[in-house]
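Just passing along the structure, written as structure tokens.
Chain nomenclature is as follows: A, B, C and D, assigned in order of appearance, with residue numbering initiated at 1 for each chain independently.
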Amino acid sequence: MSKILLTGFEPWGEWTINPSGEVASSLDGHKIGGVSIVTGIVPVVHGEDIETVRPLIEQHDPVAVVSIGLGGSSGLNVERVAVNIKEIDSDEGTIDLPVVEGGPDAYLSTLPTRDMVEYIRSQGVPTQLSYSAGTFLCNHLMYSVLHHLRASERDVISGFIHIPPMPEQVVGSGRPSMSLDTVRQGVVAALECVEDHIRHSASV
Amino acid sequence: MSKILLTGFEPWGEWTINPSGEVASSLDGHKIGGVSIVTGIVPVVHGEDIETVRPLIEQHDPVAVVSIGLGGSSGLNVERVAVNIKEIDSDEGTIDLPVVEGGPDAYLSTLPTRDMVEYIRSQGVPTQLSYSAGTFLCNHLMYSVLHHLRASERDVISGFIHIPPMPEQVVGSGRPSMSLDTVRQGVVAALECVEDHIRHSASV
Amino acid sequence: MSKILLTGFEPWGEWTINPSGEVASSLDGHKIGGVSIVTGIVPVVHGEDIETVRPLIEQHDPVAVVSIGLGGSSGLNVERVAVNIKEIDSDEGTIDLPVVEGGPDAYLSTLPTRDMVEYIRSQGVPTQLSYSAGTFLCNHLMYSVLHHLRASERDVISGFIHIPPMPEQVVGSGRPSMSLDTVRQGVVAALECVEDHIRHSASV
Amino acid sequence: MSKILLTGFEPWGEWTINPSGEVASSLDGHKIGGVSIVTGIVPVVHGEDIETVRPLIEQHDPVAVVSIGLGGSSGLNVERVAVNIKEIDSDEGTIDLPVVEGGPDAYLSTLPTRDMVEYIRSQGVPTQLSYSAGTFLCNHLMYSVLHHLRASERDVISGFIHIPPMPEQVVGSGRPSMSLDTVRQGVVAALECVEDHIRHSASV
């Protein structure tokens, strides 16, 4: 049975729960259409992220890698672009390093992003296309996975989805939130759309 | 047993479900601390709103009237101010009429608004104080109820809470939302705080 | 010749220039239609604000008092409501005191606010009606002046306008700004509208 | 004398003035440090944009191409990324075409973007780094110019800056704006930073 690798992140800093990790874990072993979901929980550390995911790709040989991470918008953000920029605070102020030295300027998501947004919305979950995954770990993982798949010439599609914080994480901030149930429903819809896309691609 | 009257609104226009009415209905007959919740669902029509609520106040003789309505913010907005302005679109453009001819410029909520915000947040639900309930039906009902209670010299506290739309109501808009479960949890917390406030006031 | 009293605020805290004071000072002695502009610059201290303005009202006997203060929105905010709430940080957390003990819950601006917005826009300056002047010094002054005029039974209209910060005050914050020239143009338009309103009221 | 090519856009649709074109025209022939500014005004039509700019590059042989266009944010947005996506409304809904068939997924700006932001702010003009130039004409021009310079192996740096609308363009919308003077001051600062960067690169 084909597999989709779904990754979330570990808690970090002030966030003692990371909804991306919670949702990923909760879907481990689930069947979506004709595929089985395998999962990985990634540490929030530059470098360790891709070091965690690369062996899982080796182990599971998935047809797609979908990563989710905690963002700040009001709905799911299906990311389209990962840039070769890693922003670092140094003694000389903020500086930009490449995610991959000599790598291309950016990768576009190879997931069916526009169809995913449309389908997730049809399932009642607020969703937008997004053209920036930031310059921190989420972008780093998205770029690293796309680069690894390209470099290893695997025929595997991949991309990233930012999810909102849970209500209890933003009680006094005025920031938008989304319940874990709704996020999970949106991620399942995303995976269904990816599965459907792969099935149709395969049958062509 | 003392009663709190909780009102929500009917669906209107493009909103075929009104979460404020859904949440109010779901709490009808519930006990919160030492009080019983009675509810009313209010039509979204200037004038009919208070005409619906006034007989419920007569019938139930509540210790508090808490009204909820659909707003647009990311969390519950506990409203502090109702103004004597009713905004109307006319042939000559937008005009301002008073909610109550000759009424005071505004009423402050008589609910323990600041304590409510603190307590609702402690229950994990995003909440803010708000200083404007708008100039449409939500403000109209809030003003009308406070005016009626003052005019009838009832010793009844009252106020208004705006709630966010449900996720499925804003899928493509980029606007924030909140699941009905989370909203309901926040409204229950609000009612618990009101009940606690009344109990302590009574015991003084 | 009739006078309009225009007040701005002094610099405070991190704001070493206060555009509201700059604009007010720059208009001192100007003629707008049939009236002369007199001005006062108000310290950013609860209590001292109205203590500064009250003698100016005695001295000048103006037909209108227009106060401006620094806000955070993208355009001029013509305020409609001043509430009887003064928010204070105390050892026990944030508490609410009244601006005027025993005063009414709120005052509506007695300026022609809706006409002002329309006219200021027609002069090319972004403007909105606003229903909350906050709970700090701007609201305090607006409420205090309206209360003083009501209490002293003067036939003087009054209200408040929030203005955006200057560009150089928000360079890295992502917050909106407005050049002093554009703000000044908007304030002049506001005063023209007030003058026109008074002239037509007088002639009735 | 070395030249920097500065491009702005023509008015289009509801925007009868385009501040990007106004600012560019106003700087034509100016000297900034050791360089002379030459300008081009670009039609708001996919394809015609780069067709207008390419001959100007041939003609002037500039050391840098800086393009500016009308955006919606509160300050100047110094764009870092141009993506190979051109969003088109078709009968079958919104579809994505490439800006350049077979081109790389994206180009990073080759201007000193982070230094530009710091320097523009030091001149009192609100500015941010931005990681998405959208999917319409501004992104199209930014991508097309970077692709052309790469393809023609010219040693010319290039990038894009989004500017806010003028106050008179957004009077009733609640959207942020910036006066033409402030925008112009920010663009001059951007060009000074680019000139400084080129001078130091050359001297290395």
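Basically, a residue touches a chain if its C-beta (ideal position, glycine included) is under 8 Å from a C-beta of that chain, and two chains touch if they have at least 3 such contacts.
The structure displayed is predicted, hence computed values, not measured ones.
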### Task
Enter the minimum step count from chain A to chain C; a value of 1 means the two chains touch.
2
### Task
Specify, for the interface formed by the sequence copies chain C and chain D, whether it is same or different in terms of residue numbers shared by both sides, with half as the dividing line.
same
### Query
Measuring from the mean C-alpha position of chain A to the mean C-alpha position of chain D, what distance in angstrom results?
31
### Distance between the centres, which are taken as Cα means, of chain B and chain A, whole angstrom
39
### Query
So how far apart, in whole Å, are chain B and chain D when each is placed at the average of its C-alpha atoms?
49
#### Entry: Junction residues of chain C - those touching two or more other chains
none
### Message
Chains as vertices, touching pairs as edges: which of line, ring, star, complete or other describes this one?
### Response
ring
### Task
In the complex, go through chain C and note every residue touching chain B.
80-81, 83-85, 94, 96, 104-108, 114, 131-132, 134-135
### Message
Applying the document's contact rule, which stretches of chain B touch chain A when the two form their complex?
### Response
73-75, 120-122, 124-128, 167-168, 170-179, 181-182
